[in-house]
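Chains here go by letter, A, B, C and D, matching the order in which they are written, and residues are numbered from 1 within each.
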Amino acid sequence: MTIDLEELYKDLHSHPELSFQETRTAGIAAGYLEELGFTVHRNIGKTGVVGVLDNGPGPAVMLRADMDGLPVKEATGLEYASTAMGVDHEGKDMPVMHACGHDVHVTCLVGAVEVLAAQRDEWQGTLIAVFQPAEEWGGGAETMVADGLYDTVPKPDVVLGQHVAPFPAGWFGVRPGVTMASADSLNITLHGRGGHGSRPETTVDPVLMAAATTVRLQGIVSRELAASDSAVVTVGQIHSGTKNNIIPETATLGLSVRSFSDATRDKILGSIERIAQGEATASGAPKEPEIHFEEHFPLTVNDAAATARVSAAFTAKFGETQIIDPGPVSGSEDVGALAKAAGAPLVFWFLGGAEPSLFKEWATTGRLPEDIPSNHSPYFAPIIQPTLARGTEALVTAAREFLADES
Amino acid sequence: MTIDLEELYKDLHSHPELSFQETRTAGIAAGYLEELGFTVHRNIGKTGVVGVLDNGPGPAVMLRADMDGLPVKEATGLEYASTAMGVDHEGKDMPVMHACGHDVHVTCLVGAVEVLAAQRDEWQGTLIAVFQPAEEWGGGAETMVADGLYDTVPKPDVVLGQHVAPFPAGWFGVRPGVTMASADSLNITLHGRGGHGSRPETTVDPVLMAAATTVRLQGIVSRELAASDSAVVTVGQIHSGTKNNIIPETATLGLSVRSFSDATRDKILGSIERIAQGEATASGAPKEPEIHFEEHFPLTVNDAAATARVSAAFTAKFGETQIIDPGPVSGSEDVGALAKAAGAPLVFWFLGGAEPSLFKEWATTGRLPEDIPSNHSPYFAPIIQPTLARGTEALVTAAREFLADES
Amino acid sequence: MTIDLEELYKDLHSHPELSFQETRTAGIAAGYLEELGFTVHRNIGKTGVVGVLDNGPGPAVMLRADMDGLPVKEATGLEYASTAMGVDHEGKDMPVMHACGHDVHVTCLVGAVEVLAAQRDEWQGTLIAVFQPAEEWGGGAETMVADGLYDTVPKPDVVLGQHVAPFPAGWFGVRPGVTMASADSLNITLHGRGGHGSRPETTVDPVLMAAATTVRLQGIVSRELAASDSAVVTVGQIHSGTKNNIIPETATLGLSVRSFSDATRDKILGSIERIAQGEATASGAPKEPEIHFEEHFPLTVNDAAATARVSAAFTAKFGETQIIDPGPVSGSEDVGALAKAAGAPLVFWFLGGAEPSLFKEWATTGRLPEDIPSNHSPYFAPIIQPTLARGTEALVTAAREFLADES
Amino acid sequence: MTIDLEELYKDLHSHPELSFQETRTAGIAAGYLEELGFTVHRNIGKTGVVGVLDNGPGPAVMLRADMDGLPVKEATGLEYASTAMGVDHEGKDMPVMHACGHDVHVTCLVGAVEVLAAQRDEWQGTLIAVFQPAEEWGGGAETMVADGLYDTVPKPDVVLGQHVAPFPAGWFGVRPGVTMASADSLNITLHGRGGHGSRPETTVDPVLMAAATTVRLQGIVSRELAASDSAVVTVGQIHSGTKNNIIPETATLGLSVRSFSDATRDKILGSIERIAQGEATASGAPKEPEIHFEEHFPLTVNDAAATARVSAAFTAKFGETQIIDPGPVSGSEDVGALAKAAGAPLVFWFLGGAEPSLFKEWATTGRLPEDIPSNHSPYFAPIIQPTLARGTEALVTAAREFLADES
């Protein structure tokens, strides 16, 4: 058996599934794992799949890929673009797209387990392949743990994973310590008083209240944090109203907050609450704003020693110039929950997926190309190669670093 | 037959229907018209119903009630409150409520045709009762005309109608000339560039663009129009985003504009376009905003002579103190289309529907009560009596003013 | 003696003086009054001048002109434009301009007293000419009264005055009842916490607080008042900061509010306070905003009967087409204080001062010319004739209407 | 002679002088230099003073202190607080305060030259003490160079300097490479159209335009830069209007921009221009905004090798725990111009000046105390000791590191 990874990737890309609904993807992954001789556990954490290849005494190494797509309407124009629709957790119909590249992660992990299974005479130990659901909603890894992951499979000695990102394909970003931000998702409901669009004087307009709040929230990053204190406050959703000539009762804002320390996180969350209250006061709101916290991703922290080993192995394999330290990245991850529950070190790296020729100016001027669509964009489209090949090799290389050599 | 108007009203209130979907309401109206001996024409303008009572030579008088509810979630707490759901013209599930009192209009018109039918020995002429769909979307009256209304029924010599409003029940607002504003509904699509919520620097944030535009639009009324130039610019809808950690591609604003002259209307629409463009520029938008005009209601202009007759008849019937001139009202109506197509004068008045005791302070201080929910509010709840009785009497009184006395 | 009014006007225009500093203007006015045989009282209300011509038994008629210029840098490019500098009441150097046309008022009153003095055989009674200081700061008329005006000169039976305005020269605007708005001037001090421009995180930025407050204040007129409820909320001053790289401690806003009823005025002032507090909260201000009220102009209300007489006299003199009702005007005046203190009726009218040919489109489309600079603009420039001639004739005509005919 | 540094400090603090007006301070410095046997050059770069102590063959070391105060009204309540007034470069009267601690710098340099002069038997070489004017306006160092500094005194082999900062007194912040941001100061003039405060419809309100622009500028840091890309955009001044009831013609914004790379600086300056244009468009401005660049401070870059020597010397002298790397600091400096013109390496460090006990929580939680007033705050008040002692010792220690030992 030799899996055509490019075909698999295009197939997965055309069939994205929303969080905790990744049944088709999980089925494909489970199928390959079974063909390759892994013991397969399905439906761990709703739609999660875990395969275990027990290959004699030695360290247990966990390789993890996340599977879920996003409610984004794909606009890449690719031949294999998604036209899929899904139903989100609130019951709304939504277009779905692999706008965060989890299809790359699944494909590379399938490729890696095929290689490692084929190499089973060369190493000893236990290989654990995790296809995780719902990374985007922040609950997938924890749900797998809560659903008895480590009652089912051995606790690993190291957890390894990767994420595709818009820097040159062929490159890797590896960093010890804090590598990704903590993230909080929260919703704010602002209360106005509804009425006829022609008689604003009888109402408290929640649309203006929400707009003013959104504008004011920019001041947290621009005025309340030090220049050196990295953080992001994004209002990713704003919704109010059902008809142009009705002033609605309420408005909702959906925020995503990134920070790199508890002190900064506390400050930002306090400022959000203060600003929402101030703007409600300024509008004469009949009721205080309500803030609901949805998800929380902790900081993703790479183990220093284990990361040094992976970094050295990558340097040896791919060459020094291909390995960069991206600094702390403002994105977030829940892979850390798998390591934390096992008491194991984590190494999580970034896999370049963008056309390298776009970065020519960077080398000379330090100016990054602006047109490369980022993760979550409807135009996000990693180039297929060398991305898939490198992603597969990276998983194999890192796993072999920790598995015992058979000699 | 004596119709229980209060029961009818509560039934209609519990069963609101969205624009052009008023089949249950239309069926009830048509049933009564048939029982009362009217010739009934159904499905004129999709769901419209017209009844004609030919009562010998004499003037033709049209009485008109509109039938549609609104996509509002009722919050009145009334025993007979609506819990109905509907599907709006974009296919979205929506709660539905008679938040604009069209149930009052239908009930009073049913009451009035019963009275006038019972009085048929006292008058001569032709009575035309119109139960019109889709006033809220601005197309109902024109759709009836376009669908051959005046090929089916005689052109009237006068068109009469009324609207319930939050001033004291028992009172009427009557005014010659411009009585209601022109209205325009328009949608603005603002184009950003989507991406990951943690990497705003790769995006152009349409949520901030939409918020800043909303805030800036307030300056039209506050800074660009004279204090004496009445107008309203309402942003009734703002929508952007599907997930807190995705920066979306676009945002949409839904606006409702009211004005009392073409010059002001032109100025406002020009300013909206200018502000949208300015804010798109400020955001670095990759594409100009798109503005789509949805509906346009013209000015509602009462005929001076016919209005003087109605005003005098109301004064004689209800007493001088009950009749006020409300000034030009910022709401809008499409009833004028029925009059215009017939070349007939229009008289359209307001029917008080609020608890009179709330207005005590008004008499002495000129301060209007602030807590009375206006039309389109989820709390809008006219008191049943004397509203229904007065609304019925008003239609009868005005109709009899124009019908010939049988003597 | 025949005064060259055009020369006088140009001289006054070139030599504007700030409020309560009108010594040169007052001296010129007093000089003419003395030459014409008036008993002259100087320095009533600091720089005010009053002349009395006792011409036998009969009614006492007061004609009033205000004298002060404004801290505006003239930009008209006129040959006789002002280059004057003054020191305002806070001690700041300011350019000064007759940007509100008080030079027209002074000139026309000088012209009118010359004519009326020359006609003294034709009428009986007492003519009182008031050259009032400090209309712009709202204290001039009250200061004259407080300084014993009516201990010095007889209380008049009617107070007459006029204001030049940007509508066609040769026309008059006359209106019984509420003719000008009440006005309030107030200052808001917003408290932040200062610091280094590079370290906003150690500060509470009052510049952003003031900007957000200014933007939010627009919502009062756009959202909190009915379309039919005329009012203006102007932020005429915003000041914060001494150096680009210092974040200041405080910011100040200077507001001017216009309204036509106490209920609306109360609502606006309450909303201003609420918004300032809300924005201070949103900024995390260390201290509540402070609001200081500076001046208050009451409504200017013309006496109905006396206004009808003036209106009839103007119609007879100038022709019906030249007399319009401008509706309530959003500007404000303190002339009413002179009438109120005397218990006398007030008639105050508007004198057209703009080039009539600019209004051609108005007649056919209702569209007012947009380019005519309004009062207080650095480009404000009434045309000299027929403005001065008409303004003089109007004062004479109105005065003669109330003075007894000698016969 | 033993100078009482605490007395000197209090005296300087009570007598701050604005940029290029530091004549009293310069006189005091020159007096001490002369007493200590330095060759003194006055009025280099207007008010600058340089003293040279030629102590035989060996390296030339330049020690630099800046002298100017700021237009800030002191609010520390200190016994020796400033009540001084000055006239800024636009001719405005301004309170003056040593709100940036240049009085500390001058005092410590006086102390250091006294010590080094006393130690002249222990070292060889040339000591150059620079008392520089006008650091705050960014032109002082360059003005000294342009005025022939290096025609007058020898080019140094190293340039050393320090800045007091709000971290624990007794500590030092030392960092190789980029140590302080580049800074740009720019002014934006926004053009509206003036008029009467009661008639906004005849105007284009520049106050609202400036406020909206200020609010929108926050989006540069919050949305257009990566979380990891440190930068500050401060609007330190906003000014418009002369009287509450006049809508002014123009408004001005004064900005200070900090960045750590040319790419970021270019992006920010481009965004500022774009936002100003967008907001001018949104307001319907009659004229494009004008942007004037005032000052530019380049990045302050410490020489790696020389900094390592200073760092080692400080560690030996003060102990390892007292030396921290503060990361790139968002403030800016012009000291680099002295090094650049000499082709010499620069070492510039931060001197802690805040009460150490305030930082207890920091050690355990990473939370910095929020109440310590930063530089440029009206409350900025370094504690006198150990600040002055340590600042003196630091200059001596660093200078001796580079001067030749006499042995």
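The rule we apply is simple: contacts are C-beta pairs under 8 Å (C-beta built on N, C-alpha and C of every residue); 3 or more make two chains touch, one makes a residue touch a chain.
Which chain is which protein? Per UniProt: A, B, C, D = Metal-dependent amidase/aminoacylase/carboxypeptidase.
Keep in mind that what you see is a predicted model, and the values were worked out from it rather than measured.
Chains that touch both chain B and chain D are the following: A, C.
Superposing the C-alpha atoms of chain A onto those of chain B requires a rotation of 180 degrees, given to the nearest 5. The chain with its CA mean position farthest from that of chain B is D.
With centres set at the average Cα position, the gap from chain C to chain D is 48 Å. Distance from the chain A centre to the chain D centre is 43 Å, each centre being the mean of its Cα atoms.
Looking at chain A, one finds that residues 181, 198-200, 203, 205, 208, 212, 215, 218-219, 222-223, 226-227, 232, 258, 330 touch two or more other chains. Viewed as a contact network, the protein chains are fully connected, with every chain touching every other. Chain A meets chain C in the complex at residues 198-201, 203, 205, 208, 212, 215-216, 219, 222-227, 229, 271, 274-275, 277-284. Chain A contributes residues 181, 215, 217-223, 226-228, 230-233, 258, 261-263, 327-328, 330, 365-368 to its touches with chain D in the complex. Residues of chain C that touch chain D in their complex: 70-73, 75, 88, 94, 99-100, 136, 166, 181, 183, 185-187, 193-200, 202-203, 205, 207-208, 210-215, 218, 232, 234-249, 251, 254-256, 258, 294, 329-332, 370, 372-379.
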